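Chain IDs A, B and C follow the sequence of writing; residue 1 opens each chain.
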Amino acid sequence: MRAEDFIIEGGSPASEQELLATKPVTYARDAWNRFKKNKVAVAAAILLLCLTLLVIVGPMVSDYPAAERANARARNLAPNAEHWFGTDSMGRDLFTRVCLGGRASILIGLAGAAIVIVLGSFYGGIAALLGGRADNLMMRTVDILSSVPNLLVILLISVVIDSKSIATMIFAMTVTGWCPTARIVRSQMLRISQSEYIMAARLMDIAPIKIVLRHLIPNTMSVILVDTTFRIPGFIFSEAFLSYVGLGVQPPQTSWGALAAAAQSMFQFYPWQLLFPAGGIALTMLAFTLLGDGLRDALDPRLRR
Amino acid sequence: MRETLFQIQDLTKHFISGKNTVRALDGVSFDINKGETLSLVGESGCGKTTCARTLLGVYEPTEGSVLWNGQDTKSLTRAQRTDFRRRNQMIFQDPYASLDPRMTVAEIMEEGRRRHFSETAAERRKLVKQLLETVGLTAEFAARFPHELSGGQRQRVGIARALALEPEFLACDEPIAALDVSIQAQILNLLMRLQRERGLTYLMISHDLTMVRLVSDRVAVLYLGSIVELSDTEELYSNPMHPYTKALFSAIPKVEPDSNWLNARVQLTGEVPDPAHVPAGCKFAPRCPYATEKCRQKVPPLTDRGKGHLAACWQK
Amino acid sequence: MRELLTVKNLSVTFSAYHGEVKAVRDVSFPVYEGETLAMVGESGCGKSVTAKAILRLLDHSSAKVSSASAVLYKGKNLLTLPKRELNRIRGSEISMVFQDAMASLNPTMTVGNQIMETVRAHQAVGKREAAKKACELLALVELPDPEGLLKRYPHELSGGQRQRVMIAMALSCDPKLLIADEPTTALDVTVQAQILGLLLKLQKKLNMSVLLITHDLGLVAGVADRVQVMYAGQIIERGTTREIFQAPKHPYTAALLTAIPRRNMERRQPLTALPGTPPDLRLELNGCPFAARCRFAMPICKKQMPEETEGCRCWLRHPMAPKVDLMEGDRDA
């Protein structure tokens, strides 16, 4: 210890300099950093990516469409080097079928979610913005619509339209499916419009349309994103269920649900025929749910300091 | 005599919630003079925040009026209303809730500027830089997002946002209540400096009586939506007349060794009643140690007790 | 005075997504029998974490208490005690009151049932006896009409009443030590004075020790016997209330005192504000954590954390350091 250590020179508040040494962290970047820390969610995201790649690339490596053709000499084969997932009762390569079915299932999931999110966000957003009586009327409509059992609507629609295409199915699933999204978006928008930064914007005489575009919508996006990831597995499951009971995808097209339905009667003898499509459904749903959980934690402003 | 900026006349704001009418603000009248700091003090539910928000037009008043430079704010033309908005700004209590988390500091500060001033982007950027320095930050903060800042830094950004509009009047709603003690002093010093440099008029809303004493020219004490006492700061602190004011003062912790503030206080029992069920007569009577039958039946008027010291109490 | 509770070398770290936060750094202190000890500091200084660590109330998944830490009570280390024994001490010998009474009370249960439940958890008494005890407790915390109150739900009470109920529950088993974590922060000024007055009165009456955690140095005067000031997870100064208020030894304590407006100040006189903000607790601190904000900082301060001398961890106490007046310009009448 030397004397020159004891000369008063005063401090220099460092925290500002500290901040300046780092790069600006955007909201999205901050959320991404938090998301990265969540091992389960990252694993789920990677799994989803792999599954998607598999269903896209799979048929290419398996000599499609030759593998898709019926082959009387190779019926109900167990998984082997040539047919990785075995073959079905018509001798078609199951690996190719599962990939093709996966394409349909995931596409239906994405399309269904996209439709309900867009419809629901618009409806909920408009209800929140109009407020008062219009809001009340719009939300009571939602209450009534969502009180009708979902399955009933889907059954009715497929009977009334008398068509069993994928488009019909998506229409049937989304016709009331947007209601929960509308509720979520409306309540988030109302919550934000109560916040002090919106009051500050109003006090600065910012036009309402600009408040909506600049504050309300960006701050609702995270909620919408999380909702989307939670909705996708729901649609995949609904599709599987409808195909399973024979209302969904029709042959020769296929989906995981249709594959599982076809395999079900022979389950005791050829369990792999059910196992692979069912596994596809289960893995995808699980991955989307875990991803949604991770996203919600990463985007939740309450965890923010 | 100073010029009057705001004349608040019999301002009343009731909120309807279900069957109850919450009488948040119940016939409040006072003036705000140019260049002064008027403080509204009181406990939660006394209507101080409602008063500031009604004054600035966030809420429609149920009754009464606000005169701004002699003109009723209800009869402002469109252009005048825009002008009113620009000249009268607000500082919020919670620096975490009052900044949009998706915007950079620069975007937050430029938002109002774009609305009210026509200037080039370069001019705006220069102004943001100047303002950041005015509030004790540096130009590097412009690209930052609110979540990267500490509470005190956020509050500075909130102040800079208001200053960007070159206002004349700031309503400060508990500007330091959410901050740590050492940061409170920084923000308070900043607000006092800005007032000195820019000749701002403040309406300060606070429950912190030591802070109020330091910054205010005049103080109005609110209880359940009514002014119970209004006077010059010095006069009020040296000669409080209303029993509620006395009780408030005696509840201030004294930062002195061996202070006996807890035992020396004016005993005040109970708590502020729910503003949805306001007692008849003097609202303070149920908690007042000196209340008489008259207090419980008739509302005492706010009367001048000399030197412009107003108090609403039947006791002399 | 006998030591009732001793905290030894307490260190707590939290794992957050952005790194390890060293919230409490090697804190040791005793609580004496029958005293009120105030722990003062700004948000994030580790005062609340310390209090929660004593009763092992920290979330296991994120908080880690170092193995060198010990909390000794009657010769036992609370940090290593089996869960059952800890539960017996928690509530019956050491209890805690929190800032947010609404969050600590069960909204679906009447006040009476909640107090009775607490009473019966620690004492083998019948229902009727527990009800009688609950009544007595409510009367003890000076709530009017205790019988009527037993049947009420928490949302029917005011903030101050709820906090009184919390205190009544904490006192149900005559604890030796009451830990009060910001008990009045959520309350209005006049109610705050009532609750503090009550705590003080009960402490004398029941002869218990109180550990008062607060951010408000002003509250402490006239309430506490001893004060310890925390900064960045360390106790940087401790002493009797009189010593702390009259002659603070640490520049931080002095700065806290001068940052509060005083009665004898001129109108609009600038306060002696501390510049900057507290340090990032993720970082390893080499020198004194306060050095960057300290107007008396010396080169040594940035290199090494000083040892405690006469209850203060500051290099200004070192014999080689120059003598300075910490309250410079603020000491008047």
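Basically, contacts are C-beta pairs under 8 Å (C-beta built on N, C-alpha and C of every residue); 3 or more make two chains touch, one makes a residue touch a chain.
Just so you know, these numbers come straight off a predicted model, no measurement behind them.
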Legend entry - Between A-B and B-C, the pair joined by more C-beta contacts: B-C
Inset, instruction - Just grab the chain with the largest centre-to-centre distance to subunit B, centres being mean Cα coordinates. - result: A
Inset, instruction - Averaged over CA atoms, how far is the centre of subunit A from the centre of subunit B? Could you give it in whole Å? - result: 47
Inset, instruction - Averaged over CA atoms, how far is the centre of subunit B from the centre of subunit C? Could you give it in whole Å? - result: 31
Inset, instruction - Mind pulling the residue numbers of subunit C that touch at least two other chains? - result: 275, 277, 293
Inset, instruction - For subunit B, write out the residues touching at least two other chains, lowest number first. - result: 150
Inset, instruction - Indicate the residues of subunit A shared as contacts by at least two other chains. - result: 15-16
Inset, instruction - Name, in rising order, each residue of subunit A that touches subunit B in their complex. - result: 15-16, 19-20, 24-27, 30, 195-197, 199-207, 214-215, 218-219, 301, 304-305
Inset, instruction - Give every residue of subunit C touching subunit B within the complex, in rising order. - result: 42-43, 158-161, 188-194, 196-197, 200, 215-223, 241-242, 244-246, 255-257, 259-263, 265, 267-275, 277, 293
Legend entry - Contacting residues of subunit B [partner subunit A, same complex]: 53, 56-58, 81-82, 85-86, 88-90, 92, 94, 97-104, 111-112, 115-116, 137-138, 140, 143-145, 147-150, 158, 161, 165
Inset, instruction - Quick one: which bits of subunit B touch subunit C in the complex? Just the residue numbers, please. - result: 43-44, 150, 152-153, 180-186, 188-189, 192-193, 195-196, 207, 209-211, 213-217, 233-234, 237, 247-248, 250-263, 265, 268-269, 271-272
Inset, instruction - Please give the residue numbers of subunit C that touch subunit A in the complex, ascending. - result: 17-18, 275-280, 290-301, 303, 315, 318, 320-322, 324
